[in-house]
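I'd like to ask you about the structure that follows.
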Amino acid sequence: MATIAIYAGSFDPITRGHEDLIHRSCEFVDRLVVAVAVNSAKKPLFTPDERVALIRRAAGDDPCIEVKQFQGLLVNFAREVGASLIIRGLRAVSDFEYEFQMALMNRNLSPGLETVFMVPSVETTYISSSIVREIAQYGGSLEGLVHPAVAEALRAKFADGPSNT
Amino acid sequence: MATIAIYAGSFDPITRGHEDLIHRSCEFVDRLVVAVAVNSAKKPLFTPDERVALIRRAAGDDPCIEVKQFQGLLVNFAREVGASLIIRGLRAVSDFEYEFQMALMNRNLSPGLETVFMVPSVETTYISSSIVREIAQYGGSLEGLVHPAVAEALRAKFADGPSNT
Amino acid sequence: MATIAIYAGSFDPITRGHEDLIHRSCEFVDRLVVAVAVNSAKKPLFTPDERVALIRRAAGDDPCIEVKQFQGLLVNFAREVGASLIIRGLRAVSDFEYEFQMALMNRNLSPGLETVFMVPSVETTYISSSIVREIAQYGGSLEGLVHPAVAEALRAKFADGPSNT
Amino acid sequence: MATIAIYAGSFDPITRGHEDLIHRSCEFVDRLVVAVAVNSAKKPLFTPDERVALIRRAAGDDPCIEVKQFQGLLVNFAREVGASLIIRGLRAVSDFEYEFQMALMNRNLSPGLETVFMVPSVETTYISSSIVREIAQYGGSLEGLVHPAVAEALRAKFADGPSNT
Amino acid sequence: MATIAIYAGSFDPITRGHEDLIHRSCEFVDRLVVAVAVNSAKKPLFTPDERVALIRRAAGDDPCIEVKQFQGLLVNFAREVGASLIIRGLRAVSDFEYEFQMALMNRNLSPGLETVFMVPSVETTYISSSIVREIAQYGGSLEGLVHPAVAEALRAKFADGPSNT
Amino acid sequence: MATIAIYAGSFDPITRGHEDLIHRSCEFVDRLVVAVAVNSAKKPLFTPDERVALIRRAAGDDPCIEVKQFQGLLVNFAREVGASLIIRGLRAVSDFEYEFQMALMNRNLSPGLETVFMVPSVETTYISSSIVREIAQYGGSLEGLVHPAVAEALRAKFADGPSNT
């Protein structure tokens, strides 16, 4: 059977940590749907379209990967794309607790849908989209944290100064 | 001596996890005051009156239980109702740390007031009011997560679509 | 109904932290059975009889307290003494995880038996029997860590030097 | 490509929690090698051969599963059987920290070998081989904790009384 | 060489826990810059100038201490004042994970800049600025939680009632 | 004032992680006493003298460092060498809880003695002496985990096969 997996998140923007997880997942799944959450409540820095475009630039043209936007419950979107696996990165304990709870809830909502957790490479453990945005806002170096195309997009966003956040 | 305990929270809305804790507590306390926090800062989905009514429906007519609203510091409200015990559910580590800090602070503010933690049933570990609200918002199944009366109230709230959150 | 609770452990020896929990528990239970685990596998410093005697000296003559030895599964002993509550002190996260698992297992083995967790006073958070034994072994000060009678018993045990552990 | 995964442990004995993980893994891997660690240092209750036999009984005849013994470093054994994935169950935070460290070390020792973590079903979260052994030793009920064949094997081991551990 | 360290935070307002860390740090660093974060996004209770003034009152006139405001990345400000050390208080696990991530990121951004963590005194473990603000808002006792000058400033802020938060 | 710090442990054997902490500490303390614990209870792989020699080889000839053996309570040894600071590496949550407790106990036993925690470099997070010993025992690669001199000493220890552990 072909395994289809989902890797969902805000990706605002995609970091080297996300890229690492994407490439590791493609080693054992047949197709990976990178699912960009479109959540009307949060105010993201990048629009959903921009986030999708940056993921495509950063994650490269691995035929394993497909990038999509979704709204609503992840379990519903997983069903729609035929996924049987949710991929999650695991960095920290506080992460873990919430992730554990979501994995159990998603299994309750959709019994055939399994969640597996992966450990990102040590070089990316300290990278998160929110820290990356904060560094970009104050003109810090993004080297090693995001793909050059993402760094450029961040610099463009903050070109008018930190006041526009 | 008769032990009066308080079980406080937002209950926005009450879940099967809350109900479980309420019934377990009534096994060893004489009276349990379920205290609905009325916090002007947060924007709850249900009004305090609605939340009280749903707790009464879901928790049943156990004479041990009394449902009340409160504002301000929990220690003050505990003193008002003559409680010597605060009951807290313990699900996760991140919970635990905050709960630990609050238990110590409440003891500092009111030395005679003890906090005890209980473990909810495994079937309810992954349920939280916020996840329940999110599932209801997108029309997911609430079976096993909340009392039927609560499920109905959630459906009514979201009848006009997710835009009204 | 009268609530009978169990507070079990090795108590090798009883510390100020244990005493604190015992006195806090007696505020809301009618009878507290302090249960000294007699585990043939571990090599305790004090014999079960010595540990019972030290608990009696340190915990005082509160009529709420009864000190007993037990062997085998705690749930069986709880049934024997008619207890409906297990009291546990909660100090740290690593504690918590194990305690959580035991609470669920004990509930599985004996559905009417509830576990409640309490937070010791901040002054005793860093005290454990094993640290106390180590300090006593090297002649460090036990002031504030254990009852004077326990300190004396520890000094007597280590009078011949650390080699006899 | 066919994904071969390893699920390693002491399995002393296999529990319902292990069985759950085995069946969940077979949903997305092509072959799962259940690897029984033969560690000369620890004193297990069951011999390696007994543990293998119990796994075969409990895990059933899913063609996905193969049960083997191994000694030495897991990464070496993984290479031997052609595995590209290590499956680990994740129950608790203390687990998690150690598991995290091992996952990183194993990746360091064998870069192509990925570790994925899975969440066992809530009904099995509180089950561990060591708790199961302790319950069996004192004649407690093993219902729901292990496969009937494992329960029988445990009862046989402890037939001469707890002294033979 | 003279060691210059930074202790950064919102200090909204400074608590007895912060004071404790400041005095402990001055035992092994030559100069401690207490850095008040001026973050336009958050709505603090006290203005940056008020927070600086309260720190000066509460922390006393130890020549080791210097109080400053900063904006932007901490690593840039550290470079500006010549600091080679970041001091952080460590209270809880959830704290710890975030702190760990920030320490690694700050090291990545500024390799010579080291982060060291300290444990506050047990008497202050349960104190945080947010809990202090909440207690003050409802007229609870601030004794032992903050310096008398801070307590007075809090009372003045909330004199018009809790509505002005 | 000159700051003297202690970095204590079993160092059985010293790893790249320990070396990293030693060099980081020397950036802000004047003298660092690397203290090898001689604990008669544990069965170390290397003798205290071998461990001291390996530390001297691996840590280099930084004049900041002094290597010593100690027995008994760390606080007593700290007093003996005039140290006012204990340096500890912090890797994981389970570590952290125990470390937190020890830091508070050591402060209780010796009020002027402060403990500071440091984060090792990400490249060394997954290295521990026990994992290193296990890898060496089964002939795995020690590259990047320990100093070449330590790798050689490990190979010599295990030359007669894993049976001599």
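So that you can tell them apart, the chains are marked A, B, C, D, E and F in the order they are listed, and the count of residues begins at 1 in each.
FYI, a residue touches a chain if its C-beta (ideal position, glycine included) is under 8 Å from a C-beta of that chain, and two chains touch if they have at least 3 such contacts.
Worth saying up front: this structure is predicted, and the values here are computed from it rather than measured.
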Given chain B and chain D, the chains that contact each of them: A, C
Given chain D and chain F, the chains that contact each of them: A, C
Remotest chain, chain E as reference, centres from CA atoms: D
Centroid comparison with chain F (C-alpha atoms), farthest chain: B
Mean-CA-position distance for chain D and chain A (Å): 32
Intercentroid distance (Cα basis), chain C paired with chain A, Å: 47
Chain D residues counted as touching two or more neighbouring chains: 93-94, 96-97, 100, 104, 122, 125-126
Pairwise chain contacts, counting only pairs that touch as defined: A-B, A-D, A-E, A-F, B-C, B-D, B-E, C-D, C-E, C-F, D-F, E-F
Touching residues on chain B, where the partner in the complex is chain E: 40-41, 72-73, 75-76, 93-94, 97-98, 100-102, 104-105, 108-109
Parts of chain C lying in touch with chain B, wherever the complex brings them together: 3, 24, 27-29, 84-85, 90, 93, 96-97, 100, 103-104, 107, 112, 114-119, 121-122
Contacting residues of chain B [partner chain D, same complex]: 93, 122-123, 125-126
Contacting residues of chain E [partner chain B, same complex]: 91-95, 125-128, 131, 134-135, 138, 140-141, 144-145, 162-163, 165
